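Mind looking over this structure? Questions follow.
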Amino acid sequence: MGYDAVYDKMKDECGVFGIWAVGQSEEAANFTYLGLHALQHRGQESAGIVSSDGETLHTHRDMGLVADIFDADVLSTLKGGAAIGHVRYSTTGASHLKNAQPLAVQYAGGPVALAHNGNLVNAEALRAELEAQGSIFTASTDSEVIVHLIARARASGAPGSAEQLVGAVRQALGRVSGAYSILFLTPKVMVGARDPMGFRPLVLGRLKGSWVLASETTALDLIEAEYVREVEPGELVIVDGSGLRSERLFPDQRPQARLGRCVFEHIYFARPDTVLFGRSVYAVRHGFGRQLAREHAVNADLVIPVPDSGVPAAIGYAEESGIPFAMGLVRSHYVGRTFIEPQQSIRHFGVKLKLNALKDVLSGKRVVVVDDSVVRGTTSRKIVKMLRSAGAREVHLRISSPPTAWPCYYGIDTPSRQELVASTHSVEEIATYVTADTLGYLSLDGMYASMGAERSGFCDACFTGEYLIQFPKRTAPPPLRLVGQ
Amino acid sequence: MGYDAVYDKMKDECGVFGIWAVGQSEEAANFTYLGLHALQHRGQESAGIVSSDGETLHTHRDMGLVADIFDADVLSTLKGGAAIGHVRYSTTGASHLKNAQPLAVQYAGGPVALAHNGNLVNAEALRAELEAQGSIFTASTDSEVIVHLIARARASGAPGSAEQLVGAVRQALGRVSGAYSILFLTPKVMVGARDPMGFRPLVLGRLKGSWVLASETTALDLIEAEYVREVEPGELVIVDGSGLRSERLFPDQRPQARLGRCVFEHIYFARPDTVLFGRSVYAVRHGFGRQLAREHAVNADLVIPVPDSGVPAAIGYAEESGIPFAMGLVRSHYVGRTFIEPQQSIRHFGVKLKLNALKDVLSGKRVVVVDDSVVRGTTSRKIVKMLRSAGAREVHLRISSPPTAWPCYYGIDTPSRQELVASTHSVEEIATYVTADTLGYLSLDGMYASMGAERSGFCDACFTGEYLIQFPKRTAPPPLRLVGQ
Amino acid sequence: MGYDAVYDKMKDECGVFGIWAVGQSEEAANFTYLGLHALQHRGQESAGIVSSDGETLHTHRDMGLVADIFDADVLSTLKGGAAIGHVRYSTTGASHLKNAQPLAVQYAGGPVALAHNGNLVNAEALRAELEAQGSIFTASTDSEVIVHLIARARASGAPGSAEQLVGAVRQALGRVSGAYSILFLTPKVMVGARDPMGFRPLVLGRLKGSWVLASETTALDLIEAEYVREVEPGELVIVDGSGLRSERLFPDQRPQARLGRCVFEHIYFARPDTVLFGRSVYAVRHGFGRQLAREHAVNADLVIPVPDSGVPAAIGYAEESGIPFAMGLVRSHYVGRTFIEPQQSIRHFGVKLKLNALKDVLSGKRVVVVDDSVVRGTTSRKIVKMLRSAGAREVHLRISSPPTAWPCYYGIDTPSRQELVASTHSVEEIATYVTADTLGYLSLDGMYASMGAERSGFCDACFTGEYLIQFPKRTAPPPLRLVGQ
Amino acid sequence: MGYDAVYDKMKDECGVFGIWAVGQSEEAANFTYLGLHALQHRGQESAGIVSSDGETLHTHRDMGLVADIFDADVLSTLKGGAAIGHVRYSTTGASHLKNAQPLAVQYAGGPVALAHNGNLVNAEALRAELEAQGSIFTASTDSEVIVHLIARARASGAPGSAEQLVGAVRQALGRVSGAYSILFLTPKVMVGARDPMGFRPLVLGRLKGSWVLASETTALDLIEAEYVREVEPGELVIVDGSGLRSERLFPDQRPQARLGRCVFEHIYFARPDTVLFGRSVYAVRHGFGRQLAREHAVNADLVIPVPDSGVPAAIGYAEESGIPFAMGLVRSHYVGRTFIEPQQSIRHFGVKLKLNALKDVLSGKRVVVVDDSVVRGTTSRKIVKMLRSAGAREVHLRISSPPTAWPCYYGIDTPSRQELVASTHSVEEIATYVTADTLGYLSLDGMYASMGAERSGFCDACFTGEYLIQFPKRTAPPPLRLVGQ
């Protein structure tokens, strides 16, 4: 349907974290640092923290991993009892500091910072409109649109007050269309909001006198905060000196009948130790594996996962099938971004640098290998070949999700339609391409059944092409972009 | 008059450089790099270059010296035949990358970059007005106000065209009040402008087919460009594919009878090898020294300068007085920003790290020491003491400018009134404080006479308090500022 | 027996890699870079490569991970068809570049480089002797002793020839006592040697015309080299322009009846995909788990590993016991060296930063948790507590090795005897300390039985205190050490 | 005479500093840091400090400037009341950390550090001899030879005692031939020595209870230490807990009749504020200029220096000749090591990046330009051309030293004979090459006469080829050198 050609724009995968100490504390930045570390799997390209000391905001952002960006000296400059943080990964070739979050700006309401997970579908139209009204843009993220909309909102309440910020946030988010789990911080208030369909996760936690908002519960676990509940789709959470209160983001709208929680978070993106949308990610993946064994049984000697994300499903498959489980592929955890490959003799180290097959385990065996998804097919092909080189007699590829045939526009990094092997090839063709003896995908119905969930609670557009949010008409050529820091 | 308390804001000292190759060239960034190197004395804190390849802009900015920020790899990413650059020094305690220039943003007219030397007096009022209209600010410089005014201008012409940019620049600069020598760059055009009073310098040069704009002629010399002339106060220079044309910035305004060229550039700030406001800086300083000798003769054995800026005036003083000239103070050129001093025994290394007195030259001598100005008096006091420790029998301090009694609001870094020793002390009191045997300042009339110049062409507010631009009434408390990167 | 107090010296864990292209190739450094990456688990503190271009040696060493130390520019300076490399981890508080390997020095035989895995027991005595003869030391590693012994050897053959180097290596290694798998490189020859008891691993591989030596087969797998065989204990391998030849390191000595292959490499240190001492590490660990289940059965609902090293044994335990296997602990792979912890409220993040327990999986369950070893007991204690906090009803700790009661002096990092909980506490006391419901260690006999191996082929001093090499009498106080780079 | 071809080896220019607090102080490293800063002009490539806390030595060395290498954190690790430091510049293409000083090693006498200024003429022979005896070398400096000789000395006294160190130093220095002003530090004693001919400077100072040794008095000035006297040629200074004592380095040798103080230090290398070999450098240079005016008078309008080193001589020339003095060339102090030049249009920025000529001052003038020396002639040629481009009608080049026709082997960086323009060209030919109207060098006799000095006290081999120390016969080909870090 040609969405790709039109919307070939930057896609962000991100994690957010925020904490507000109702009582006294100067450790907000330290807790945010730990929280971001626990969310590092959601984005390894840049990270940032903005803290509030009650009077002003303090900011630090940089490219790299959380543990490298922040040290004791930097954290000591991020004073105050409240903070929000962000980790980010983008799919654009060049990664720029100017796109790092949280954004922190000054507007008529005073200073405000923003940490956003998700993608908007009408960002370009809004940007063109804002530029026509005289706004200037310094970055290339959707999130900058939101901060401009806040600056142009006409909200009642004293500048810098919770009332004024909440009013501005409602007006701004009322204009945008798409996926957002988003945190705002001013010197006086922290606000969290989740779009009405609830694409991206956001949870609420409590640590003694402090309230915590985070993308995943694993961040709560690390700081030993108690998991309270999901922030609901369409919910607005306001935390300030008087405590926490919850409101409907758009009180005049009826709650959505159809929700859009991202099922791919369960399949691949979230950490297995997270409670996501009210369900244990590990248990869900384990159940996918069991269901997959029921749908695509095969005679084999061994079930092995593609580590790390395929492990729970492989265990489930092994249990359900009664075939022994083994770690037939070992993963290296030292792979960096800029690995140098020899010039002449050897090519395509990509997969080999991360994975190695155990000859001793695989030799002569009929092997079921369980992975979470197939994107372009090239990695699966290399894995199958690696298993055969290690001596596997048969290789049966089992995928713990339906075929990924449509790109995501709501916050998961997927390539364009043309690059998704399942968009243009049948399962049989894919099996041939990846050189597997057999290939089985989890069915859509089986996926929901194994979760015990209604499909109406989830977005599965990447499998079905049923996008829950309309795309706006394209009205103008994309504006030129600035390049560089 | 209390200006200080109200306007205790960031003051920038800066240098700007721009080049537009009418013919074909891919070396604009390389020439800009050299030009900024020649202007490094105007700002050592941060630097940046934005280039245009005709389609888009490429940016690199960082903290530090030009030679450290740019290398061959970085320069190779700054493609294209046109570029502008900026070096900056600010007086705020914390120096932030976000304040580095050139600014580069996206607005309705497309991408635009800006490099600004000077300070505005109505920046805060404009900022408050812009924020009230929904603008957001990410930095704390005056220059961001200008870019917002451009984005909000209603100029005719196609977006990105020279006509549209020039119209927007005129509207924007029509709103601001203060000092600016400023360069703009879009993919299609470079524009230079100088405020109607001409506070800060800006010169035009020619290098084969290219046009060059720079703060000082020393930047032209290094790239072997020909010096054409000053950009006139109130002049607008437009360079694009069709060549260079000059217009009046505000055609409806009559040219200013009273101009405001900064006389302090001649006294201290500019490099001695520069032709500034049509005069050789070296010759002007040399003449100041001769005049100073006429106004404040003294019997002495030796005339020595405080290097490096005091050298030409000391040579002039020695010639006029017939007293031998000597380099009785040696300057170290390896002093960095973060020098560590021993904790216990020794204090106040500041001046000693830079200057050392030659006992052999000074011992038993009556010494005239020539410096360009006295700010707080503390450095002069240390120098006089250093000369006495080295054996000088008498120390006669001669200053090649009138007493600095008023802060500058137009682009030179000076402390607040309270800190300027000449604002609250007589010459005799200052002589006593700095422990000089005698102290003589150049007279205001003598300064202009020795230049052969009319006072009406210059701003000398730092000596006289006669500020040429009105300050706006302060209407609101200063907005909170974001802290950090 | 007080060994600790006397020999509380630096212990190194290391990996080595070497390649010699018999034909033409300029890629030796690139392959070494890949090989070191595959051996990164053996040392993450520093790394280095020395290459030979046939005329001279080229060196690069630095602190950090292989992927960070080397880039294309650096590798391009490491010219030539032969190279050796080293990764290192040391247990001393301060880590210094001067201790990074390979060592590269100039001596009478020309330039020589050395990469050493293992620890010597008579290094200090030799060092004292060498110093008494006028040698100077710049680092604090055992390996520097070996290079001095080579420099002082009286070997026949032309300086720089294979004959001369081999003679010098034999004389040098004839003086040292302890563990070494060691590579030497000169412009003309590469030599590999393994001590007569074979403590540390070393394998030989072949990649087309090149010969490869590496600590583990995983390095061969990555570069797609063929595994030829172990370098035998007491074997000397010489590779030069005329090919590879193997000799006895000490031809006059009889081969050792008792060998000392490090059983702890199988238990913990080697990668599971390695073939170590002729056996698959994964298969050995899996067998340990099965044997452990036979020796220490328990009624439980779940078997979980402490990832990553405990995974194969846990799978084995689960299979043998019939209890379901689950990944009840999730490991983070983003933990750096310098993690900052909050100051006030939360302490002891060490284990929590790496591991998180899955409440959903563990809640209400009787859990068998399988780890490879217990050192101080503190980590086990935190893990047991973490499992209980996550809701485990019972926690049964199973260790896939015998109690670690004695420090290693042959190349594995272990603390001193006093710190080893098993040296002073019974199994029951340890169980109480770590708060486990039950604790079971693999028996020594069971360990060997499950491997199908004779104890006489291995060193198990860490479990039994039966050190295979005598310690020299201590004759002098330890010399002062230089501190710093 | 072909010395160059044989001895085309590394030449070091260096500065040394040492301090020993007889009383209590923990600031030795801080004072050394300041002292090295004052000596930075003697070497900008690498620097280091070794301190003694009475028990052990602490070391930090790195590439770069003193102010960049050391910060408060680093200095705080360099504990103790005694320290030595070193700044270094080498002429080899590649600069390596391994060659940075002070050297710090462990030998039979304990830890010892060494900071050396000067070059040895028999280093290669000694190195070959030491290697033949089993010594290994890690760097490529002369200084490493000295430390090996110390390690092999047979000195009486307890290891680490002053007696033992002094004995070893005497034996070691008794073997070497060449130039050295050298400092040694052990936990218990600091020793300074100067070779019997006194090529390189070394002075003694006193700061309250502390003794200071430094290459130049400018380092004493900065820390406000009192200048006591030169360390005499052939003197040995020993400082330890019992205070300072002076001895003859070789008591059995008669003092040298002919001394070798480097006259080039006076001409160019030392800072003008230093008292060198008992004479003020500024006064000596000033006198050279006066003498030069007497020897090579010319009708002219202006005398200008090549800054900075030519300034005192130009002032002297102007005074003696009565021709006005002017700063017709301005020097930039921001030139770094790695300046990038444009690729296509402009070449040979070398001199232009450092110097700019003042058109206004020079236009139409007959100019005498005074420089300290001519090496290859290329720089002089560029300067003369630059002056003519700026409008000078005549350019008369005056050099405040005799023609430099011979390379230095005693510690000053000079190119090989072939590259020295004066070794193969007459003064007239050089004048033609550099395009000067006239060229005049200071005569050798005039040089000494203007100093009021006997030639027998100085080395002037660079002008006369009369080398005061014999070169050893070359017996072996130069050994291969290791390349890299």
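Read from first to last, the chains carry the letters A, B, C and D; within each, the first residue is number 1.
The rule we apply is simple: a contact is a pair of C-beta atoms (placed from the backbone, for glycine too) under 8 Å apart; a residue touches a chain by one contact, two chains touch by 3 or more.
Everything numeric in this text was worked out from a predicted model, so none of it was measured.
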Tell me which chain's centre, taken as the mean of its C-alpha atoms, is farthest from subunit B. C
Between subunit C and subunit D, what is the gap in Å from one C-alpha centre to the other? 48
Distance-wise, how many Å sit between the C-alpha centres of subunit A and subunit D, to the nearest whole number? 61
Centroid spacing, where centroids are CA-atom means, of subunit B and subunit D in whole angstrom: 38
Provide the list of subunit A residues touching at least two other chains, using ranges where the numbers run on. none
Connecting every touching chain pair, does the picture come out as line, ring, star, complete or other? ring
Pairwise touch list, complete, is A-B, A-C, B-D, C-D
Across the complex, what residues on subunit B touch subunit A? 55-62, 77-78, 104-108, 110-111, 131-138, 147-148, 151-153, 160, 187, 479-485
How about subunit B: which of its residues touch subunit D in the complex? 25, 27, 30-31, 33-34, 37-38, 40-41, 44, 65-68, 70-72, 75, 208, 218, 221-224, 271-273, 275, 280, 282-283, 286, 311-312, 315, 319, 324-327, 330, 332-336, 338-346, 349, 352-353, 356-361
